[in-house]
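You will see chain A twice below: alongside chain B first, and alongside chain C after that.
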Partner chain A sequence: MRKDADILRIALIGNPNTGKSSLFNALTGLKQRVGNYSGVTVEKKTGEWNLGDGNAIELIDLPGTYSLSAKSIDERIAVDVLCGHAEGQPAPDLVVVVVDVENLQRNLFLASQAAELNVPMVIALNCWDVAERKGLKIDCKLLEQRLGVPVVPTVANRRRGVDELRTAVLGALKTRPVMIRPSWPDAVKESLGLLRSAFIEKNGENLKDGELTRLLFDQKSAVISRLKTPKPDAEAIVKSAREHLRKGGYNPDAAESLLRFRFLNPLLLDIIERQAILKQRSRSEGIDQLLLHRFWGLCVFVGMMYVVFQSVYTWAGPFMDLIEGVTGWFQGLAAGALESTPTLQSLVVDGIIGGVGAFVVFLPQILILFLFIALLEETGYMARAAFLMDKLFQWCGLNGKSFVPLLSSYACAIPGIMATRTISDPKTRMITILIAPLMSCSARLPVYLLLIGAFVEPLYGPAVAGATLFAMHFVGALVAAPLAYLLNQTLNKGRPAQPFIMELPHYRVPRIGSIFWRIYESGKDFVVRAGTVIFAMTIIIWALLYFPRPADVPFEVARENGVEITESSTSKEAVMQQFSREIDAAYLEQSYMGRFGQLAQPIFDPAGYDWKITVGVLASFPAREVIISTLGITYALGGEVDEESKDLRDTFKSATWESGPREGEPVYNLAVALSIMVFFALCMQCGATVAVIARELNWSWALASFFGLTGIAWVAAVAVYQITIRII
Partner chain B sequence: MQLSKIKRDGQFRVTKMNSDNESVARLMSLGLLPGQEVRLTHQAPLGDPIAVTFEGCHMSLRLSDAAEVEVEAL
Partner chain C sequence: MIILEYLLVGLIVGLALVYLAKAFWPKSKKTGCGCSNAHCKVPKPDLKIRA
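Presenting the complex of A and B:
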């Protein structure tokens, strides 16, 4: 089985919030994210641990779990890895169980479950310093004797105890100590025997004793899905074994906890000595008296969330302007250098430099948001925020952890969707990702401002204009709530609410190093995984808007304007300069995107859009605000117009249908303006968001959400247009 | 009495738990077992969820799950 017999493999397991990730970093030196909030470690992480005697060891960082009951994906992965059923890899040679000294009993529950899987074990008693400060004394020697495996005190985030752990592991690799296991009562033994004879002896399943224990004790054990035995048969076997256990006087759902703690508690007698009153503990509780207070806690929460939101919405602004300025400067530089080759010039200026700018511009928001998220998680406040907000989200199947990602999405969905990594439940996380693009991000604001300024304000005055702008920010949320409810009903089939048991960890002073590491990691991840996709999208859209560029367009435009020129005319350059905007408009109309827009116009006709708006909608796929410059080009005003542009507003008011049943009628009216705004409030016209969803979930979900949300947007836009046009 | 109905500032002991409930089964594996003492520390602003401590554990749970745990006052 084993490909490389020389490489030893060691797995690291432990409860969430035990500093397991810190220990992983301390041992491998390969730094990883450090969690202070349940469920950050979702991926399998591996690193190389140099044991110092020439042995390079592969260290596997398993997801933080409270138990191996294999209900969640995290636990299932842990069981599979420990049993040698993951990715064709054999079982690890040793497991290091990271145990929080302060919660010895609860943490040893997991160790005791792992012992059942028959893997040699070393226990790392982490947070030794905190325990010492709190006057907690643990008799390591005695514990070691009673458990039968080496016990090493460590302080992972200060790298203390690493050498001792190394020595213990080297010794344990030779002696292969296995932690003491409970001797089960007869009813359990008989039930396990039933499973053994049915699965192993009769069906030839490759199952360890520990896995039989999991099958017996866990309701809906995920181990079943790995078996060769057909699922209904396997379920029937497990059911009869559990029935046998029940007849023997043990409730199968409760038996393991009862029996295991009954076994562990005597082992811990005289081990823990509390010297003083637990001061630190009361400090954490003291902070909670304020932060979880039903009134003041909410005030602090609102204040903190205001700061988080402002930081992403406003403080990132100058940095984004700077990036846009630098992008523009490079574009100017390249435009000058490549003047003789217009196609290459456009590719470099609009495609390549524009494409890089298109994703780099998100970095300030991502980095700033992740600074706050790292702070909230490292301090332990994130769990409190979820606690305060949970009720708001319960009815639609989400939980309190969805709050921060959704709030951030009001500034920008990109960092918001990345922030869903803090949600440990995969389904909750998926639903949050899928509704996050509906939150009214800042890129929609220019579209709202332009259209409200042109059509609402002149008709109804600034008060109604302001109210409209305010209301537009809630259109998305109004659709998001029922959508979340529906997704929960369909994705969760019959499971009304997710189990939402969340630890409120002790408050901790965040470590600057790990905060910076997380900020760096989120930025790098975005640039590498999503940035490249956004870049490619920008190039493709550029090509669709640029080509085929027929050579006779400038001459036709000149002719239409009453000037006759030919290829050899001396006045050619001057004329082209004079009509450059009209020529750009004609090029856009002739481009693949322009042609496609004219072809697709009937789809948007019920929403009141002419082909120019349709092209604008399609061309704004890389980013919503692009519709403004695209409309600027189609109306021969140049691409430099913005939402304040008076020219663009005036052009809107005078634009008329060029052909068809409505020929001569104005294109834009209040109904069309509202229809466009509602479309942009709901649609997924944001390539970067699609790329990030693909990164966080997969491409199927990214495409599904693109077509789903854009479909919803179309329906809403048509409805708004058809209703408004009948009222006004 | 159900754990979802208790008031703050009191010490309670667990008497019965419905382990069919996934969240309750989870609480049991965290050490909240019949006989264990438990205390209500906080209630969220909208009344749900609640935060309880037992054996050095500070956990948040929803009222619907807490209703599956029976306690008695000490």
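Presenting the complex of A and C:
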């Protein structure tokens, strides 16, 4: 068995959105998530790369970073791995710097910083095809000679240049080439000398040249936290070295950019040949004139989102019918096979198939939604949307960098919260994390579709139904904006938003493979979730709604209806058949969950919920989509699902209040439907999200977020119900 | 027969409980939070992030 220390490690580094993850996938054969915008990778990913010489290598895909002066968490992860400071991970044996061929100068800035860590290096000039199309020619041989490291052109997403890269890496592992380093002016050399003498010679610190450079040039360098030297002493040493540099005529904060570009510019002379074609405005720039327009850009964005949600609503109908048909067929089959064992029959038919089936029926909508998300990501529109949103975000103290995490939260809040690692300002990051659960994740989609299908579409038609679905996806964002403003005023003391800098990727034709993979992944997540957590929760909820089963319930129901059951079994069977619906309802009411629901119902009474909806709402706190299966089981066990009810939507229409002042009135109406949807749009009903917030911030913030959002959801649900019920 | 049926139902419910307990309160640091999301990043990667 190989020891970890024997395994060679190669790290992929580069600026954001240069195609590192695409190259990682091409080299390892893995299917790491890629996107046509920066910040997709927020942590290191590892895979095995077979070099063909019998040696498998551990390939590490790192988050993109513009420089080694890491500010955000994702950048710091990249720098820690590169410097060998990641816990339990030695420094990589070789670094492949992935360089966007169109931005050679800026991308080589990072490479020149990495060179000071004395790590052997190979440069992959990625997006070579785009450069060729734009008439950009690069003399790779000359660049290789000048930099002193192998330079290989690649097109990672088409697997071009992979073999050449493999050959170059095999050679570099033997020759260990290191990129040429800048020759610093005397003032920098002296300042670095001061640091070397104080930290290495006097204090015995183990620091590489690159780390000394970081201490000198970075404001509040992260390197200080790794030193054995007490922090105040270390800060005093760094301050004195930076002061020496300032006296030498260089601003320590600006000197590095100035000197490195002064070093890189001559190296790139005659390397790049730009042909006349580049002088024309590119197609991307032309499209941006419209899509980034301060007014028309927003109109296009809103229009695009509207089309997406209309399509999600209208296209899925036939597929839903198909799934409902299959679920019904399975229920019939299981009911017949388990006729002699009524408890098991109820568990399988009402609980498992009914509960999971009610959830799975929304798979087509999920797939259609992710088709559009994949299309928007692949084309490069997402980064534009971030820029458009920047202006809107500015007033509440956030900036466009919060947009990508918030947008990811529309699929699922968990990767969205993880994506906040790209935000360097800790307070802005915290605010973004706290409002991320308000973005309408895909788990809310089934709830909206169920209620809109039952109460909006029959009244107002599919166009209004689609518009309602569209509007529901912005309810959370509408609450998030003032909440972010308040948090910024308190946590951030009203500090204005930091400037937003993001590189716009080129528009490109979406690749069918990537889109298919994204849809497959989201579909798989949904089905796996249905088959694991939802499946298990469905069984528990069924048990809580089914048990206990006291033997005297049928007798009491019969007595209430003026019928006496004798001891003869034929009479008992006949009465039970006659009052089966009432008996089912009585069993449900006295079940554990039924009793709990009736106890908690007064809390939700102002929002118009009966005890069954209350049960659904309470059961959904671990995972919000559980309400679908809970309501499915509740109405099935309560005997309210019959041959007339094609699905849960039909069942809702016939549900009535069983007692109290509203006895006999329909439970569900437009006001209740809107109230439930608003509650689910705002409430923190996701155990996993609470756990992630606790991991990324702490448990106090996670609990504050849980109680805060749940409180806001309750107030909003009550307000919506009370207002709507007075209007309709 | 009824006892057998109740035993079977009890077993299924028990297994579901054990599954949920294991899923939401994982023992290993590498098992995730139990949300069954392929992109689930809970708990965080094995890197220690300095404050």
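Rule of thumb we're sticking to: the second predicted complex is superposed on the first by the 394 of 728 C-alpha atoms of A that agree within 3 Å, B and C clash if a C-alpha of one lies under 4 Å from a C-alpha of the other, contacts with A are read in each partner's own complex, and residues count from 1 in each chain.
Simple rule for what comes next: a contact is a pair of C-beta atoms (placed from the backbone, for glycine too) under 8 Å apart; a residue touches a chain by one contact, two chains touch by 3 or more.
The structure displayed is predicted, hence computed values, not measured ones.
> One more residue to check, A:444. First (chain B), second (chain C), both or neither?
Neither: A:444 stays clear of chain B and chain C.
> Between chain B and chain C, whom does A:390 touch in the aligned arrangement: first, second, both, or neither?
Touch status of A:390: first partner only.
> Considering only the touch criterion stated at the top, classify A:102 as touching first (chain B), second (chain C), both, or neither.
A:102: touches chain B, not chain C.
> Please write out, lowest number first, the residues of chain A touched by both chain B and chain C across the two complexes.
none
> Taking the complex as given, what residues does chain A use to touch chain C?
33, 43-44, 73, 76-77, 80-81, 86-89, 222, 225-226, 340-341, 343-344, 347, 412, 414-415, 418, 521, 524-525, 528-529, 532-533, 535-537, 539-540, 543, 622-623, 686-688, 691-692, 695-696
> Over in the complex, which chain A residues touch chain B? Could you list them?
Contacts found on chain A: 66-67, 69, 71, 102-103, 105-106, 109, 219, 251, 253-254, 256-258, 261, 281, 284-285, 288, 292, 294-295, 297-298, 383, 386-388, 390-392, 394, 497, 499-506.
> Would you mind writing out the residues of chain C in touch with chain A in their complex?
Contacts found on chain C: 1, 5-6, 8-9, 12-13, 16-17, 19-20, 23-24, 33-51.
> Okay, in this complex, where on chain B does chain A touch?
17, 19-20, 22-23, 25-31, 33, 41-49, 51, 55-62, 64-65
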